[in-house]
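Next up, some structures in C-alpha cells.
Heads up, the next two complexes both have chain A, just with different partners, chain B and then chain C.
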Partner chain A sequence: MVLRFCQWLYDSGIGTQIRESIWVFPIIETTHVLGMALLVGTIAMLDLRLLGLLFKQEAVSEVASRILPLTWAGFAVMFTSGFLLFWAEAAKSYYNPAFRLKLVLLLLVGLNPLVFHFTIYRSVATWNYQVVTPLRARMAGVFSLALWTGIICAGRAIAYFQK
Partner chain B sequence: MVLHLFKWLGETPVGFFMQQSTYAFAIVEMFHLLSLTILGGAILLIDLRLLGFGFKSQTAGQLAKELRRWLQGSLVIAAISGILLLAEEPIKCYYSPAFRLKMLLLILAVLFYFGVQDRIFARNGKLALERTAGIISLALWFGVALSGRAIGLL
Partner chain C sequence: MSIDNSMYNNVLSIKIMRTKAAFHRLVFATFLAAIPLIAHHSFSAEFDGTKPIQLAGVVTRIEWANPHVYFYVDVKTPSGKIENWGCETAGPGGLLRKGWKRDSLKVGDQVTVNGYRAKDGSKLADARYITLPDGHRVFGGTPGDGGPGDTEAKKPGD
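Right, the complex of A and B next:
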C-alpha cells in the first residue's frame, strides 16, 4: 500500500514535473541543503548547552526559547523541501535503503524531544542554571546530536543509492 | 601558480587515495556537510542577532565570543575536508566557474568576519552598522553555500 502511494506520487503531474525539470530539482535540493544549517545547526547549539559545552552562563530555558523558533523555521523549510524531493522520487525512494534508514532516524529524532519535554524538562527550574545538566538531559543532547549526524549522512547517501 | 599547486595536490599520496578509494569521497563529503551545518548554525545565530532576531539576551559580540570556538573549529574541519574533496579532481575544480566563485566568496566571507565584523562587535550598539554587517555576511555565506552546491551540478 505504501508502495502504491509512492508510485502514485511519483506518477502525479507535480512529481513528474519536478523530476523532469532541469532546474527545479537542484533548486529544491539546494534549499534542502542550506536549510540544514537553520534546522540542525540551531538545535545542535541547544544540545551543546544541555551538555554544558556552550552558553554555560545562560539558563537552559532561555537558550531553548531563543533558539527553538529558528529551529522550527528550519523544520518548515526542511519538511517542505524534503517532501517535494520525495514527491519527485517517491517510487525510487521506496526501495532506497538510505532513505528508509533516514525515515527511521527522523522518527527517533522526533520522539527524543517529546520524551525530553514530558520528563526531565518538567523539572527544568531546578537545574536551569547548572552548567552540567542532569544525566537524562545530557542523554537527550547526545541522542539528538547522534541522530542528526546519522540523518545528514543517510540523507547524503540517498543520492548514492538512487538509481 | 595555483594550477601547479592543484596539480601537485592531485599527485600527492592523499590525492591518489581520494581518487582511488570507493568510499573516501562519500565519507569525507559527509564530514564536510556536518561541519558546515555547525558553521552555518553559528553564522546564522550571529548574523540574525545583528539583524535583531533570535538570541536577544546577548549582544552580537557576546554571542560571537560564545560561538567562536565552534565557528573556528567547524571552519577548520570544513577546510580540511574541502581540501581532501578538492584532491579528488583538482584540475576539474580549477576550471569550474562554480568552484572559482565559491573560493572568491569564501575568502571575502572569512575576511569580512574576522576583519570587519569582529571590529563591529567591539563597538557596541551602532544599529545601522550592525544590520548592514549582518546582511553582507549572510549574503556572502549564502553565496558560498550556493556556489559550493553548484560545483557538483555544473
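Right, the complex of A and C next:
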C-alpha cells in the first residue's frame, strides 16, 4: 500500500521531471541544505539556552519568541524541498534503510516540542530567568540537539544506501 | 583582596578568549573538511578500485535520473549464461558536461563498459568508460568522486 503510493509518486509527471532534470534536482538539494542551516541553526540556539550555555541573561520565553519564527521558516523550506526530493525518488527511498531511520527520527523530533510545550513550558514564568533550567526543559534541549544531529546524519547516509 | 580577585578575573577572561579563538578555528576547519562532501558519494564508498571489470553486451534498460544515471547491460558469460549488470554513472548534469546526450545510449545498443565492481559483490559496476555504439569512448564517472580517471578531484600533493 505504502509502496504503491511511493511508486505512483515516482512514476508521476512531476516526480519524473525532477528526477530527470539537469538543474532542478541539484537546486532542490542545495535549497534543502540551506534550509537545514536555518532550521537546525536556530533551534539549536533555543536548545542551548535551555541548557544554560547561550543567552544566559535572556528570558527563555524571549529567546523562544524571537527564534521560533525563523525555525518555522526553516521548517517550511525543509519540508517543501524534502518532499520534492522524495517525490523524485519515492520508489527507491521506500527500500532505503537510512531514509526509514530518518522518518522515525523526524517523528520523534516532532513529539519532543509537543511534550515540552504541554508540560514544563507551561510553568516557564517560574524559571524564565534561571541560567540552568529545570531538568525536563534541559532534557528537551538535549533530545532536540541529539535528534536533529541524527536526522542530518541519516539524511546524508541516504546517498550511501540508494540503489 | 579585591585586587587579587580582579587579577584572577583578568587571567580567567584571557583564558576564555583563547579557548573561544581555538574553538572558532576548529569550527572553520570542520567546514573546510566538509567541502568534498558536495559530491553525492565518493567512488570508494561503493566501489572497489582494485576490481576492474569489462562488460560487453546489449543495453536492456536506462534510468536517466538524479542523482546517478544507471543503465543495465545483458552480458554473456564464458559459460554462455546471460547476466544482467547494472552500471552506475554520474547524474544527468555530470554526463552532459562529459559530452553525453540524453539519447547517446538506447535500449538495444551494443556497448563496452570499463568499470569497477561494487564492494558488496552484486552485479553492479561503476562505469568509468563507456564505448558507445558510434565508437565514441566517454567518461561516465561522477565528477569529483575521487575514483579512477577522475580529473576534477584533487589528488594528494595538488
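Annotations for the structure displayed:
Just so it is clear, the second predicted complex is superposed on the first by the 163 of 163 C-alpha atoms of A that agree within 3 Å, B and C clash if a C-alpha of one lies under 4 Å from a C-alpha of the other, contacts with A are read in each partner's own complex, and residues count from 1 in each chain.
Operating definition for what follows: a residue touches a chain if its C-beta (ideal position, glycine included) is under 8 Å from a C-beta of that chain, and two chains touch if they have at least 3 such contacts.
Note that the coordinates shown come from a computational prediction; the quantities given were computed from them, not determined experimentally.
Comparing chain B with chain C, more residues of chain A are touched by B. Touch criterion not met for A:Leu108: it reaches neither chain B nor chain C. By the touch criterion stated above, A:Pro26 is placed in contact with chain B and with chain C alike. Residue contacts after overlaying the shared chain place A:Leu34 against chain B, while chain C stays out of touching range.
Legend: residue contacts after superposition of the two complexes on their common chain; A:Ala88 is shown touching chain C, with no touch to chain B. In the superposition on chain A, A:Tyr160 contacts both chain B and chain C.
Contacts of A:Met45 after superposition on the shared chain: chain B is touched, whereas chain C is not. In the overlay built on the shared chain, the residue A:Ile152 is in contact with chain B alone; chain C does not reach it. Of the two partner chains placed around the shared chain by superposition, chain C is the only one that A:Ile18 touches, whereas chain B remains out of contact. Under the contact criterion defined above, the residues of chain A that touch both chain B in one complex and chain C in the other are 26, 29, 156, 160. Residue ranges of chain A in contact with chain B, taken from their complex: 26, 29-30, 33-34, 36-38, 40-42, 44-45, 48, 54-55, 58, 62, 66-67, 69-70, 149, 152-153, 156-157, 160. Remark: chain C residues 37, 40-41, 45-46, 64-68, 91-93, 96, 124 touch chain A in the complex. Contact residues of chain B toward chain A in the complex are 26, 29-30, 33-34, 36-45, 48, 53-58, 66-67, 70, 142, 145-146, 149-150, 153. Considering their complex, residues 18-23, 25-26, 29, 88, 156, 159-160, 162-163 of chain A touch chain C.
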